[in-house]
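This structure is in structure tokens; I'll ask about it shortly.
The letters A, B and C name the chains in turn, as written, and every chain counts its residues from 1.
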Amino acid sequence: MAFIKVENLTHIYHPGTPQESVALDKVNLSIEAGEFVAVLGTNGSGKSTLARHLNGLLLPTEGRCFIRGLDTCNEQELWQIRQQIGMVFQNPDNQLIAAVVEDDVAFGPENLGMDPQEIRAKVNASLQAVNMAKYRTFAPHLLSGGQKQRIAIAGALAMDTDCLVLDEPTAMLDPQGREEVLRTVQKLHEERGITIVYITHFMEEASVADRIVVMDKGQVAADGTPREIFADVPGMKKCGLDVPLAVEVVWQLRHQGIKLPEDILTEDELVEALEAYTCQSN
Amino acid sequence: MLSNITIGQYFPGNSILHRLDPRVKVLLLFFFLIEIFLFSNAVAYGIFSAVAFALMLLSGIPLGMLLRSLKPLWWIILFTFVIHLFSNPGTPIAKFWWFTLTWEGIRMGCFISLRLVLLILMSSLLTFTTSPLKLTDALESLLSPFRRFGLPAHELAMMMTIALRFIPTLIEETDKIMKAQQSRGADFTTGNVMKRLRNMVPILVPLFLSAFRRADELAMAMEARCYRGGVGRTQMKSLKTGGVDYLAIAGFVLLTVSLLGIKVLA
Amino acid sequence: MSIELKQVSYTYMPKTPYEHKALDDVSFTLDEGSFTAIAGHTGSGKSTLVQHLNGLLHPECGQVLVDGVDLADSSRTGRQAAKEARNKVGMVFQYPEQQLFEETIAADIAFGPKNQGLEGEALAKRVKEAMELMGLDYAAYKDRSPFQLSGGQKRRVAIAGVLALHPKYLVLDEPTAGLDPQGREDLIQIICRLRKKWKLTIVFVSHNMEDIARLADSVVIMNHGQMAIKAAPQAAFEQVGILQAAGLQEPQMLHLLHRLQAVGLPVKADGIQLADGIHAIKEALSHAK
């Protein structure tokens, strides 16, 4: 059974009014436990709407959304779903609730009614996992954007979440903050096998995922490994997106008759390929 | 400048006063203030002042900082003092026009102003030694018995927590919006009251919109973390009453008993 | 004519436990017609710096001169001149769309010029011109509510609101933050056009080294409140160590070219744009043959 299963999901905002807009149009998607899936798409492509269906913050206009077989439309199962799917939002300022870091991380477990000692242990472990233990007693407004986002991640971890859904977590951060957050997410995926759904419009961030889903106008436009997805340079540009620099360079060079392997993704691979190319021609 | 405002006046430390259970502190302060009003003889006021002074020293907070909390109310204290000087009938000392200064007036003036000073100092001592968060916890805990009468104790405490969390953020935001509108030539410092109020619109509209957006996103984030009100909720930090607290309560009882004794004997 | 900073220092909350020195002895000149980028990580002092450029903050010590007028001049004669000088510097804050407040787009854009005393025909002309510069059709958009627009469009309305002031200098604080690749590109195009058409002197705060390389003719790198580098982008990007210390990365293309050099490919590492880089690599490959 897939961890996340989205079936024929349609979501219409303000149905029956002049502002009616179709945000998701018959989306089908399934994500296995332990996958790292990046979701790419321009603003308004429906990616945030999709994310909010995964833990029942939004309910489908049509279709269904299952998490480990639990239906988000079933109110009794909703709390179990939300415990399993931790969510991190775009604006780091608008998701921390308490005025002290450790109290904020404790917020989720407290809602679940955990025992105080257990909460304390979970809070400490989660802060450790995102490398923020020494900021335990800080006020959130004194932290940088990247640090706030890591606290938000810790807040989800403290609920023993199996899956993190991150909705453009780096859009409002500086390069340092972006790197901190991405590193943390990668680490949690690798070390704990946490399932990741990572929404972004930074191509370099998406390229570290196992799989990329491209959203365009409320539909899944492409779905595959980063290599497969980025190989279609014109297709990506048509969706208003971009490709990582290495991919773009290879694509251009190939078009100018330089025979490089097609499936290059990272700078490392490109350097290696160019080195091999010169040796070969010598 | 707006960003210079700090919230509350908590002064971090590790004195006995800092370590007391905030609930005990709130309750003892409450009863202490009542006693200030109940016992109004010279000996009692001597004891109150001595206790207050001892606590101020115990708190480890610079005396100057504590005294500064009197500053905003200095005029009121002085005004009350002067009013009482002349408004009490009794043995006259001197006469200015139709005002008569009396011994009783001086006595009453001193008492009343001392009462005000003690009231302010003791309350400040509470806020100086208790973080706003602990105060919130204490209020939630102290108010929870009233839940059965329909008082939303948990909701009130949650509101205070969120307010504490967002006040710095909103102050920063106000500062930024003000600067942005100033950069477009807005003027907040000249004109009459009506004009100034109208000039606030370019600040208030974006500020409210942003506050609503924040509230909306925060509500979503809270729901995503399984928040569904106070029912079935636990707390990581539960307040604990310990040895120091019992000592403080005992001290207070002793104070009350001796005050009563003095009153009976006199 | 220029904006000149002379040994500017600024401290937040002086003489409190929260005291924080945000600017430390910063001096530089922004010449008329120049395009200067300011880069640095969050907290490096760049936001404090730009707020000095139109007198929102006054230096603790040092001077900010706009066309020779000291913005902090509080003498009776100087005050009016300082006010006028401040008016020459348009300031677009981060996420400027958050400052929209009027019922219609035209009214919001008119807020600034109205404060300058414009009205009637002249005011409408300003609004129209600013909207068209930002790629917003006047007839189609003027009476619409700014709050019903998409994020990218709202931002353009907000920038138009500053352009309507007819500034001589324009400060843009991370104008592309939060936009998707297409939105970023559109806005960059508009900024290029502004510079060409209006000969505006532009100050551009950004983390994006590619954008800086593409647009700016000079870059100021801030770190811990101090100016670490002021140079042409090319020259600044050579100083990789200082860039990294300031929490910034060299442009990706340059990074790639430097790595190719390191493995022995004879590439010229002077291109930052895609086409330049491709050209350099091709050249090197044909040499290697």
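We take it that a contact is a pair of C-beta atoms (placed from the backbone, for glycine too) under 8 Å apart; a residue touches a chain by one contact, two chains touch by 3 or more.
The shown structure was predicted, so the numbers you read here are calculated from the model rather than taken from an experiment.
Trainee: Suppose chain centres are the mean of their C-alpha atoms. Which chain sits farthest from chain C?
Mentor: Checked the centroid distances; the maximum from chain C is B.
Trainee: Of the chain pairs A-C and B-C, which one is connected by the greater count of C-beta contacts?
Mentor: Of the two interfaces, A-C and B-C, more C-beta pairs touch across A-C.
Trainee: With centres defined as the mean C-alpha position, give me the chain B-chain C separation in Å.
Mentor: Roughly 45 Å, centre to centre.
Trainee: Could you please state the distance in Å, as a whole number, between where the Cα atoms of chain A are centred and where those of chain C are centred?
Mentor: Computed value for the inter-centroid distance: 30 Å.
Trainee: Note which residues of chain B are touching chain A in the complex, please.
Mentor: So the residues of chain B touching chain A come out as 132-133, 161-162, 164-165, 168-169, 172, 213-214, 217-218, 220-228, 232-238.
Trainee: Taking the complex as given, what residues does chain B use to touch chain C?
Mentor: The touching residues are 3-4, 6, 176-177, 179-187, 201-202, 205-206, 209-210.
Trainee: Hey, which residues of chain C end up touching chain B in the complex?
Mentor: 12-13, 16, 18, 51, 54, 56, 87, 90-91, 93, 96, 98-101, 111-112, 115-116, 147, 161-162, 165
Trainee: Sort out for me which residues of chain A touch chain B in the complex.
Mentor: For this pair, the touching residues of chain A are 52, 55, 57, 79, 82-83, 86-87, 89, 91, 93-100, 102-103, 106-116, 119-120, 123, 139-141, 152, 155-156, 159.
Trainee: Name, in rising order, each residue of chain A that touches chain C in their complex.
Mentor: Residues in contact with chain C: 42-44, 144-145, 171-172, 174-177, 201, 203, 240-242, 245-246, 248-249, 252-253, 256, 258, 267, 270-271, 274-275, 277-278, 281-282.
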